[in-house]
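Next come two complexes built around subunit A: one with subunit B, the other with subunit C.
And then the complex of A and B:
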């Protein structure tokens, strides 16, 4: 039993990082209807930005905040300069996805060109180890869990309690009707990419803190977990993304505790498939346009 | 994969050539195909391979070349990925003139590249560790380094020498690391030690906490750990977090004795751990031998080599230098650069015949051949004893990192001792 409790604790810590990125990813996809594969490369960019800041003596949490802000701007710029023009010219959903794949590769190799292909490290940023009720977590993991919960709550409040949030949901449900109602949908989508970019940047640095060392493949490798979490939770659902992240994180860690760790992802993603067979639109799907499109 | 393809595409040609002195590349140059990962995550391996080639080319050309012709290194980028390796090597074989010998061909891509080179009837000295090549019938294949199961047994031999009877085995799920596992398992069993855990882990995961907890529960005295720098650093740092700061010594492969590994692990484990608690076991080269002195001069003398200390510290890489000398001398002996003509002379020069003159460099070998003598090449890796399958595993060494990150020799493990730990 103690092994199980311990593994669940490790899974929550791992899942929090997945969830932090997945919350941003799901909001971006849910509202702008772009499956943005560049998200992974932007996470990598954030991790390297954090590394550069650490190298000049900036504290790790300040570096996370700066990287989040930087990637927020980069993300909004990416949408405004590349994605939005493409969509205005009639590029379809799949075409845009391919462009984001291509842009991700370009960003990835720009990073290699500047930072080199070798691994880099944040060093030990974990802080102290806390043991309580069978759980073992580090200080940094607790902060990341707190950050994820705060991001999820803030997004939920934004979407449900503010004028901006209502406009975002209206844009997600039907952009044509939303425009007809006087909502400046392009501006709403800009804000969405800004917010999701900030979460992407924060997730990139949080991931680098967790892995300790990383290279230019960091984000793209991790992206599949975030997409899985977002889909599992129900596209456009911050709570769902968080729940999905926890399922994936706990699934991999519990599998690693009891079976061959080499197959931990197989068990976790097998569980994901099983859950989607039971709830095809995700655990907390609310029936957004994107969710309906994705779930078919 | 897509990323690597993109890099290959953006980077232009996957083939590049160089001789040791500017302006000597010409129609008559004998090209040595250095087949390895020149770009991508494993590019450091390609860098080591090409360094050994540059050192050998420097010495061979200084001695007058092969058959009076210059030799040069042609780098063939296999990116460490079989999907890229096949088209790149195929193109190199088809388009490179006078490609008369090949070196490199490491584990990640060996199964796809070796058949191509063998079919082209080009003699090759491979550094791959695949057990499948212990009993290969490929005519043009030669290997002067141990296979992965022999390396695995050498890890256990070193652990026993240091008094570590309880070992935890943690290997990343890549082809190189996995190849060591059967040798480790067999050797632990035969040596009477205890394997507290034997776990395969995925590479570059964000968390190994559950795995680390399982390993700690076994209370190992040493970790036999094989993984890339990122995987190893993440694993060890989480071990330290979960075990109150204590981490047992690590025994791993000399493949990891690289600046990237040193840098990644030092940053999370500290200089003291990296320099005193990490052992890198692999092919032995004797720093005291005359052949090593010649090799060292060449490595430091080749202008293309940026990090000579690392190249000298990786024993496997010295087999590329020895291999080029050996193949060059075989060409000279056969009076031909054609693979089918000189291939059998490789074994003759390595084994020697009664009355053959022992030579430890290309220059002395060439002089002896020109004087009409039979020769017996004893290189940086010591005497070469090819078996019927063209394998000569040799002895093993354990090395460590110095404070500056350069490799230092800690001890020697005789090949016979390692062989005794393996079945059959």
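And then the complex of A and C:
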């Protein structure tokens, strides 16, 4: 039983990280209508950025903030310079997705060309261990969970309480009508990529803190976790992605605790494949705008 | 390196058939190559224990090399189908690409983690060379020769798929799935077939590669390798087999292998590889941006009309009628030919076969004409909205039935339901005495229920005449027999079809546009093309969805004349139209819909006086 509870504790921590990234991924798709495969590579970039900052003596949480800001700018720039011009030219979805895959590979191999192929580690960042009711969590895990909750709350308030958030949701529901109502959808999409980039960067560093070591090949794995969580919650649905992140985190940790950790990724992927095949529009999203958009 | 060129080429051709020609987004393609390699290995390695037991794997047979290659290719054919099945859900292309990417990454992870399957991340080694009996000094060149022979054979077989009627059908599926279904193409079947064939090429490529290298591990087939093949295709020319050859020379060979010859940096030996991938990624982006059609674009077949004497009874001058735009004279000879049914060149002469059959059937003994279509209690709900709410009506055989009603009455939905593009929630659809409600749309099209779309959906990258040719039913050149037998089996069919298509183009005054890509036609021409394509599909019941909307008066008149002539020849037409004048002139019976229900039925002149119809139009 204690194995189970411990695994759940770890799962919640892992789920918080996944949710952080998945919400960014899903919001990006929901509002700008682009499935951005580069997301995983940008997360890896954030992890390495954090590593570089750490090695010059910056504190880990400051590194997280800087990386989040950096990736936010990179993400918005990526949209401005590549994706938006492509969309204006009328390049199809396949063309766009190929470009994001290619860009991901460019980033991945730029990282390895600069940082080298060896695995790196943030070292001991766990802080003290807290035990309560069978749960074992480290301070840093607790901080990350708090960070995720704060980010989710902020996003929730942004989307529901502000003019900008309403404009974002309007763009998501129907960009043509939104434009007709005087919403500058291009600007809204820029802001969206900025926000999702920040979430991506934060999640990248948070993931690097919680995992022991990582290397440049983690991009696709990161990406799959994000996709798994996003798809589970219904892609394009921020609240779905929060839930999905938690489910994926706890699910994989518990499953891995009882079998081999080598299969941890496989469970996440297996779950994802199953979802994609059986209910590709997600558990929660039956008739949402983004779900309809995906149907042929 | 020549061996790599050959195996990359096989793989790229297979992927080009899937992605370039048929538009199937298979980001998991490299998995099939890998499967070919692993299968070849375990079919030739023999039992693991006999090899000293230092690596673990399944099967462990000791087949002759040729049998192992063939078997690997065959199994990959099946795996290709299996991957194809996952793409059957009608999801957006980029979402499908994501699914495939996930499958690819998942496969690498599982094979890497499971040491019992193919020895995990360490991979398999000591895979026997298929030419083990040849003197090692000359073995390399022999291998090149074998691969060259297989590539040549592969190319010749591939051409059977990518050129001719089958290639045309596949391109049509790539351009617009729904439009392909509307003319009776079995899109699912075509896609699966393509993925099966693509699987064979992948399997061959993998088996030959593994036999040459002697080892195979997960690092050889990460998902990025699919991008390398894709880049080769995009750079060379999407959908063009010769272009792909050029692309493979440039991308995997010149770039990924070429960087190895750069001066090495001692401290970072892997830098060359990294550079190769970075260049490759940038190249992909650059090409998608600036030259998405590739260095050698897809060929545009010529069916030029000027060289061919007009022998369908239309005066030769007809062929020189300028492409018709808004200001065309009303006395245009095309219209004249349509209106008078000039000789055997009338529409019915061109598309005679099936209308004759239906008009024979439409001649019952009891005096009145039997309906060809019975719609009974049809219901379609979207969420809480009843788009069609118990619609019941019939359409007479050999005549034009009008379907009118205010916006949102459910007319287009009814067309969708009858043609099979929309699934009914309840109700029956009987076509020519047969219940068709459960049949998929392409089967209904083959029975003769052919629709047009409200917004024209032409196959953009195909030429105008190809748009017509592709629609013809029962082409032998599209069948497996056509692929196996080659051109001689279908050449005559093709010539006849081309003649028919030319005749149609002349009648509609679009002869000049025959070799134009359909995407470049004007809006009005696209609408005409939509109707012509439907006619080529051999309809017995033609469903026209607002064909006159946005047409220049001259074109509208031409279309009206065509409809009249078709009906006169015995074709049945169900016409959705807002222009009530047209409906009044053309239709014997008119069905009026309002809020999903049929509220009235009769002759247009009568209907104008009925209160419920007036109310619907004024209030609705």
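In this text, the second predicted complex is superposed on the first by the 265 of 296 C-alpha atoms of A that agree within 3 Å, B and C clash if a C-alpha of one lies under 4 Å from a C-alpha of the other, contacts with A are read in each partner's own complex, and residues count from 1 in each chain.
The working rule: a residue touches a chain if its C-beta (ideal position, glycine included) is under 8 Å from a C-beta of that chain, and two chains touch if they have at least 3 such contacts.
Please read these numbers as outputs of a predicted model, since none were measured by experiment.
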{"item": "Which superposed partner A:266 touches (first subunit B, second subunit C, both, neither)", "value": "second"}
{"item": "Which of subunit B and subunit C A:221 touches, first, second, both or neither", "value": "both"}
{"item": "Touching partner for A:101 - first (subunit B), second (subunit C), both, neither", "value": "both"}
{"item": "Which of subunit B and subunit C A:117 touches, first, second, both or neither", "value": "both"}
{"item": "Partner chain in contact with A:82 - subunit B first, subunit C second, else both or neither", "value": "second"}
{"item": "Touched partner set for A:257, first subunit B, second subunit C, both or neither", "value": "first"}
{"item": "Which superposed partner A:161 touches (first subunit B, second subunit C, both, neither)", "value": "neither"}
{"item": "Subunit B versus subunit C as contact partner of A:187, first or second or both or neither", "value": "neither"}
{"item": "Doubly contacted residues of subunit A, that is, touched by subunit B and again by subunit C", "value": "101, 105-106, 108-109, 112, 117, 220-221, 260, 262, 265"}
{"item": "List of subunit C residues in touch with subunit A within their complex", "value": "25, 27, 86, 89-95, 97-99, 101-103, 105-106, 109-110, 113, 177, 223-224, 227, 230-231, 234, 268, 270-271, 273-275, 277-278, 280-282, 284-285, 288-289, 292, 383"}
{"item": "Subunit C partner contacts - residues on subunit A that touch it in the complex", "value": "34-35, 37, 82, 85-86, 89, 91-99, 101-106, 108-110, 112-113, 116-117, 220-221, 224, 227, 235, 260, 262-263, 265-266, 269-270, 272-273, 276-277, 280, 287, 293-296"}
{"item": "In the complex, subunit A residues that touch subunit B", "value": "3, 6-7, 10-11, 13-14, 17, 101, 105-106, 108-109, 112, 117-119, 121, 123-124, 126, 129, 136, 138, 207, 210-215, 217-218, 220-222, 249, 252-254, 256-257, 260-262, 264-265"}
{"item": "Parts of subunit B lying in touch with subunit A, wherever the complex brings them together", "value": "2-3, 6-7, 10, 39-41, 43-44, 173, 199-202, 204-211, 213-214, 228-230, 233-234, 237-238, 241-242, 244, 259-260, 263-264, 267-268"}
